[in-house]
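Down below are the structures I want you to see.
In what comes next, subunit A is part of two complexes: it sits with subunit B in the first one and with subunit C in the second one.
Take a look at the complex of A and B:
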């Protein structure tokens, strides 16, 4: 028997959603940091689109690639954006690994991997990844 | 509110993109988002010939495609839920807009990366 037999029938009315103000996340510190975590996705989105624009420029030939490099380098207007983006992206990494530690509690024999150990271990991976990216960016 | 039946599929892409962006994006932001605007990357390192050769490698292509596409699905899913949490009860439209954008960008990225 398939799962289809257990489907809940459509009740024929919409679920009631209790009205709440859109500023609910300003009420408490944990709510606020939850919203900061969710908003890291804005920076992930913007920066990924920046990388995508570079890939598109490279695929269109030398002229458009050089134009992209000129736009992306030595541009002091992009720099504050880069620094803010780094803060949010690092916040995404740390919170992602905290969630990861909760989802996959690790035990090696008697030894329990705590949340700080899990996060630090993965941040080590972030550093290694950054070193590899730097190696290839600078001409490895 | 009941989650749509497609939720596990989008959550899988969200999760994969969250992992990839958590590990690889900080390095890219440091080098392409800060070092480049600072002018710390030597011109010959970003020359067309070198970057074209580097990104012609199948592993580099696969890496960039996965990183760009999955990071966008991650951001799309999280942004959709953020907008819902802020009180805009328009799940269907938001899903169409955000996932649609990620699918469109995936197609563009795939085409661009394949033609490098």
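Take a look at the complex of A and C:
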């Protein structure tokens, strides 16, 4: 008996395809916090562009650098913007390290590195790196 | 069964008569041990024999009874009514076309599953008399998590990328491809890599991560996809730096 014998004829009914609204991320908390995580990167981008403009100004010489510093000092949005960006960067880095733990499951010999260990270890490295940079730029 | 009653709001759709799905409310008796599938079976047996849904094993193994319960993809055989204080909305698995009532069309998933070649591929099969392909417990542990998938499609229902862009290869198919790529007995990574590195595969994932959260078998499709991104990127880099090399 051929396979054709068992084939069920297509009844010709149409499946119903449900619409997928662009507000899908408001449906649940995990989706919402995913969107927040993605949004934080926009602030990081703005901060990075600002920093880059400072580096370019520095490379162009003293006059250019002084003009950039004067402009930045006069800005009323720089400090609150910087604080918001710092909060978002911290949020983004924690979510990034949690994600990173899933992407790169670490094993040291027989020992498996857990997600909290991975996140705390990486955050510790961030603090150490920030302290070293802070020492040389502010105090050193 | 106690006299307690719970309200179930169930999606109904008859393609012969309806232009769109609607809902119907049923009151079902329940106790501490009643699962959503029991409630649906009660409706079908006692109230409305036309209610259509898939189920089989009733023990979280076959992966047939996946539905959205209060908006979250669940295996209805493992979802207890006692965990829902109010009324319960039972809908067909999200992101799939609805065929009838709570039954979705899974053809798209089955085609994608086949596309990633989820089986052991050998460059050359050794004769049976030479014995089996042996593996240490440690080698097995590398892919064990990804081998627990029961093809229930809950991860597809939780994935907004698949919801928005159905051409996405999707979590379970990629997790299974990854499972075989990690298997020490398999030699098919070279065949799967072009499929996984294609425009509609791993790079469409934005790492929402809900696929791993809803998985009833604790498989980590989100991790599988990110790990395959890394493998695909390394593969591309190798082909760029060593175009003549034996990759």
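Operating definition for what follows: the second predicted complex is superposed on the first by the 114 of 140 C-alpha atoms of A that agree within 3 Å, B and C clash if a C-alpha of one lies under 4 Å from a C-alpha of the other, contacts with A are read in each partner's own complex, and residues count from 1 in each chain.
We adopt the following convention: a contact is a pair of C-beta atoms (placed from the backbone, for glycine too) under 8 Å apart; a residue touches a chain by one contact, two chains touch by 3 or more.
Because the structure is predicted, anything quoted here is derived from the model rather than measured.
Touch check for A:17: first (subunit B), second (subunit C), both, or neither?
Both subunit B and subunit C are touched by A:17.
Quick check on the superposed pair: does A:81 touch subunit B, subunit C, both, or neither? Answer first, second, both or neither.
first
Between subunit B and subunit C, point out the one touching more subunit A residues.
Of the two chains, more subunit A residues are contacted by B.
Going by the contact rule set out at the top, does A:108 touch subunit B (first), subunit C (second), both, or neither?
A:108: touches no partner chain.
Would you check which partner chain A:27 touches, where first means subunit B only, second means subunit C only, and both and neither mean what they say?
Touch status of A:27: second partner only.
Name the contact category of A:52: first (subunit B only), second (subunit C only), both, or neither.
Only subunit B is touched by A:52; subunit C is not.
With the two complexes superposed on chain A, say which partner A:38 touches: subunit B (first), subunit C (second), both, or neither.
both
State which residues of subunit A lie in both footprints, the one left by subunit B and the one left by subunit C.
Residues 15, 17, 20, 25, 38 of subunit A touch both subunit B and subunit C.
What residues of subunit C sit close enough to touch subunit A in their complex?
Touch residues, subunit C against subunit A: 13, 15-16, 18, 20-21, 71-72, 94-95, 97-100, 105, 160, 163-164, 206-210, 212-213, 220, 222-223, 226-227, 229-230.
Considering only the defined contacts, which subunit A positions touch subunit B in the complex?
Residue list for subunit A touching subunit B: 8, 15, 17, 20-22, 25, 35, 38-42, 44-45, 47-52, 54-56, 58-59, 61-62, 65-66, 69, 72-79, 81-83, 85-86, 89-90, 92-93, 96-97, 100, 122, 125-126, 129-134, 136-139.
Which part of subunit A faces subunit C closely enough to touch in the complex?
Residues in contact with subunit C: 13-18, 20, 24-25, 27-28, 30-31, 34, 38, 99, 102-105.
Using the touch definition from the top, list the residues of subunit B that touch subunit A in their complex.
By the definition above, subunit B touches subunit A via 1-2, 18-19, 21-39, 41-42, 44-46, 48, 50-52, 54-55, 64, 67-68, 71-72, 74-76, 78-79, 81-82, 85-87, 89, 105, 108-109, 111-113, 115-116.
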